[in-house]
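Below you'll find the structures, each written out as structure tokens.
Next come two complexes built around chain A: one with chain B, the other with chain C.
Up next, the complex of A and B:
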């Protein structure tokens, strides 16, 4: 379980635009272990999707990526396009957010499913068909044989997302990157899909990177959580560490800003201001303009990741031995 | 359901059917999408009624039909005891002032070629609520009310962030001093940290101005937070309506139960111990709703009676209405 499958080291991604360089991902370090679910949470524009797209090499030409991303002992950023396309879909696959646009509207589900299976597993059409039916069955699409000859518009949102997951699973990948897989779905359908993903993970021992902004989904699915803000990882730890002993002020703020179904909050605590503009990110810690605990050092120098024990790490100057003491427990219970 | 005092807005058996036509060159009606099919509720002055349900259940259509943005197929909408459904458009205008709307998408609901000041000022012009300096003063005070600055009045929508745009949308709704606002998913397009800002603003404005809200959303935890009472919709009907604490503590309709259990709670310990009711399949089409109870095709407790008889929304004590033959825990 604890063998690292994917190691991201010092990943930087910038986009060349007419307005200047957009610093989308700044010095991100993360690991994903075999068979675990790592949730990546953060607001839109925090760099969570771009991080994944960077090492999947799916970004447009104006992206400049540097750093090292080791998967199974191979640096993905150094591979040729041809070598990369052997890993994409075979070893690492992606499930995208929007099941409406993630599928090609003019090809049948069967054609789309067979393509990857035939290419990566070297099966002929009949065998690929059999495998596709098997996969649709596994993800709970009724009457899979008939469904194969249908087009995406004949499927409901939940069914389309099941097809997307079946596509992701097609070649038994070792890692699935699920980018907001349930955001476009209703809660009852979301519950179906999450249940399905949990079950499949148990059966096939696939590692999953779950990108989401829904902390409820994270609490139910993840083994470990990385919180991203302004292109950097703010805090990373097990799901219990993040929810019960969070150490980064942004994590506190995030937990306090959402209402919970099972308790009654008189007032939500909002985070003042808005997320940073990544063309000109604030100097120092990206969260300092919105942070209640900001000090003068936060404005000038970015904090280093501090190890807090048991692989719980946070990038905040409050972790520095000379920093003013904050009652962490109180900050957590306020949440 | 009955509540003390005279309701501000009352909806009685509201129906909105959208015709489906076929045939060329003379199209004829071959069916109807029964988006809203007999919905009744009332809202007290200064109260928030939450309206939840899955996409396609008709919650947005209820909000729009209520404001006569769609002509209702049947049913009545009463404002302060006055029946609005029979009024002519000209006579309806004064009531438009009393009832406003905040839209879901702050990117699509503001005209990109109008300045923020003109967007807010347009409503003031239509209802003749001031001109010249008076109009500008009004705009500035509205901007201040929603936490924007006077210099924002001359800026265009693209210069604002999502949360700020939603504030402009709120200011526009408030410009004509309404008593009642239909909020159609006002926060679902916003980031988590911004959602809390907008919800807090809406609560503050309610306290300050005594507004009543119909808060339409699919995020049940947010609806529970902001609403005093909640109505749950399924396929064009209200299946359960009660105050928000009761809905959470003692839900009686099997659909409400499933909906509540499907909402993830941001706590790994709680999540680890929760029992989920996973509903099978997808909601049926509102063109051909199932006979009898509309939820029976997905209901784990469905019996023969549910197929034959359509359950009415009946009161089961203490302002708690349920439309089910076999309510849970009854």
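Up next, the complex of A and C:
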């Protein structure tokens, strides 16, 4: 369980644009262990998707990626395109956010499901069909045999996302990256899809990186959580650590933003201010312009990751021995 | 699919009827009859002629007669040339025009689509820059300018090809180049931008994430999608070629329908002008129909009889 499957070390991703270099990902370090669910949370624009797309090598040509990403002992950033395409879909698969645009509108679901299966598993068309039917069955698409000859527009949003998940499962990958797999769906279908993923994870023991900005989802599914902000990891730890001993002010802000049934009187608080412009990220800690605890050091120097015990880490100057002590319990429940 | 085609066919028949009706009444509304030439004809003779061509009947009767004949594909006699019918004029010119126009459409498609695709794949590469430049040039220069230049330099000066008239294979070269230049440039531009747009689509990323080799990503996932707007442009493309052929046939003195059409207008040969407008209208509706059916074949979202 605790054997690392994916290790991201010092990942940096920039985009060359006419406006300048966009610093989308800055020195990200993360580990995913075999069979575990790592949730990655943070407001949109914090670099979650770009981090994943960087080592999947799915970014456009204007992206400059550096660092080291070891999967199963090999550095993905050093592989040839051909070697990489043997890992994509086979060892690591992705489930994207928008099921409405993620499937090819002019190809049948069958064609789209078969191609990866035939390619990676070396099956013929009939065998691939059987496998596709099996997969659709597993993700709860009714009448799978008939559905295979249909086109994406004949499916509802929820059904399409099931198909996307089936595509992700197709070759029994060791890691599935699910990038906000339920954001585009309505709440009941969201719950169904998440339940499905939980159950599949239990059955197949696949590791999952689950990108979401729904902390409720995190609590229900994840083993560990990484909080990202401004292209950096702000805090990482187990679900228990992040929810019950959060140490980074940004994590506090995220937790404050969760609606709670037991506290009717408290207004749902969204985080004040807006995420940084990654063309010109603020110096020092990226969160300091929005942070109630910002000190002068925060504006000039980026905080290092501090180990807090049991692999709980946070990048914040408040962790420094000389910093004032702040009670996180109070911070999270503050009105 | 069958229901979709049937529906399109019915729509096109309605469009064809509207074309016939509109042209008929517009022609009738024009001032000056077909026999109003400089020489004033004596009243009696004019009456006689009008009776002969049934021009003395009430308008609606003339209209229904005409409609009935169009259904039988009989477009009536020419007013200017004794013994020639409009059908004769069209039949005679059409084989020539069809060759010229068909060749131009074929060349535009066969060259334009692959060049557009390659241009998009090698975005800002040498081929892309060269063809984009040429495309802008040909799109900006009207075909009669290109025709004139070709005629003068390759025809009169260098004598590589006959500068005008029709006959041998060599006669095809200059008018075909002049006629297809615009549509070729247009298709290259359309295919290229359509491919570039498809490149950024989520489903292309999905395909890559599946580990599909790049060739299949382009071939299976991108081109088919990129072709949807290209196929949909088939009808306007042929319309462009048809209109272009009026001018090109005139400049190169090619005995096609396009030239007859232009001549009929200057001759005030009303039945020929009317008949040819109807003919062109039908041709275009036909191409629109073919384009619609092809679009439906490529893009399942267009078909109406979906299940569920």
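Heads up, the rule we're going with is that the second predicted complex is superposed on the first by the 325 of 335 C-alpha atoms of A that agree within 3 Å, B and C clash if a C-alpha of one lies under 4 Å from a C-alpha of the other, contacts with A are read in each partner's own complex, and residues count from 1 in each chain.
Here, a contact is a pair of C-beta atoms (placed from the backbone, for glycine too) under 8 Å apart; a residue touches a chain by one contact, two chains touch by 3 or more.
None of the values given here were measured: they were computed from a predicted structure.
Visitor: Return fit or clash for chain B versus chain C, each positioned on chain A through the superposition.
Guide: fit
Visitor: For A:81, decide between first (touching chain B), second (touching chain C), both and neither.
Guide: After superposing on A, A:81 lies in contact with chain C but is clear of chain B.
Visitor: A:259 contacts which: chain B (first), chain C (second), both, neither?
Guide: first
Visitor: Check the residue A:56 against both partner chains and state whether it touches chain B (first), chain C (second), both, or neither.
Guide: second
Visitor: Students often get this wrong, so check: with C-alpha centres, what angle lies at chain A between chain B and chain C, to the nearest 10 degrees?
Guide: After superposition on chain A, the angle is 70 degrees.
Visitor: Is A:219 contacted by the first partner chain B, the second partner chain C, both or neither?
Guide: first
Visitor: With both complexes superposed on chain A, which partner does A:208 reach: first (chain B), second (chain C), both or neither?
Guide: neither
Visitor: Please work out whether A:239 is in contact with chain B alone, chain C alone, both, or neither, and reply first, second, both or neither.
Guide: After superposing on A, A:239 lies in contact with chain B but is clear of chain C.
Visitor: Looking only at chain A, is it chain B or chain C that touches more of its residues?
Guide: When the residues of chain A touched by each partner are counted, B comes out ahead.
Visitor: State the minimum pairwise Cα distance, in Å, between chain B and chain C in the overlaid complexes.
Guide: Comparing every C-alpha of chain B with every C-alpha of chain C, the smallest gap is 6 Å.
Visitor: Which residues of chain A touch chain B in the complex?
Guide: Per the touch definition, chain A meets chain B at residues 43-44, 156, 158-159, 186-192, 194-195, 213-220, 222, 239-240, 243-244, 253-255, 257-262, 264-265, 267-272, 274-275, 290.
Visitor: For chain B, which residues count as touching chain A in their complex?
Guide: 54-55, 161, 163-164, 191-197, 199-200, 203, 218, 220-222, 224-225, 245, 248, 258-271, 276, 278-279, 282
Visitor: Which bits of chain C are touching chain A when the two form their complex?
Guide: My answer: residues 200-203, 205-214, 216, 220-221, 224-225, 228, 298-301, 306-308.
Visitor: Please give the residue numbers of chain A that touch chain C in the complex, ascending.
Guide: Answer in residue numbers: 56, 58, 60, 81-82, 85-90, 93-94, 96, 98, 101-107, 111, 115-116, 119-120, 150-151, 153-154, 164, 167, 170.
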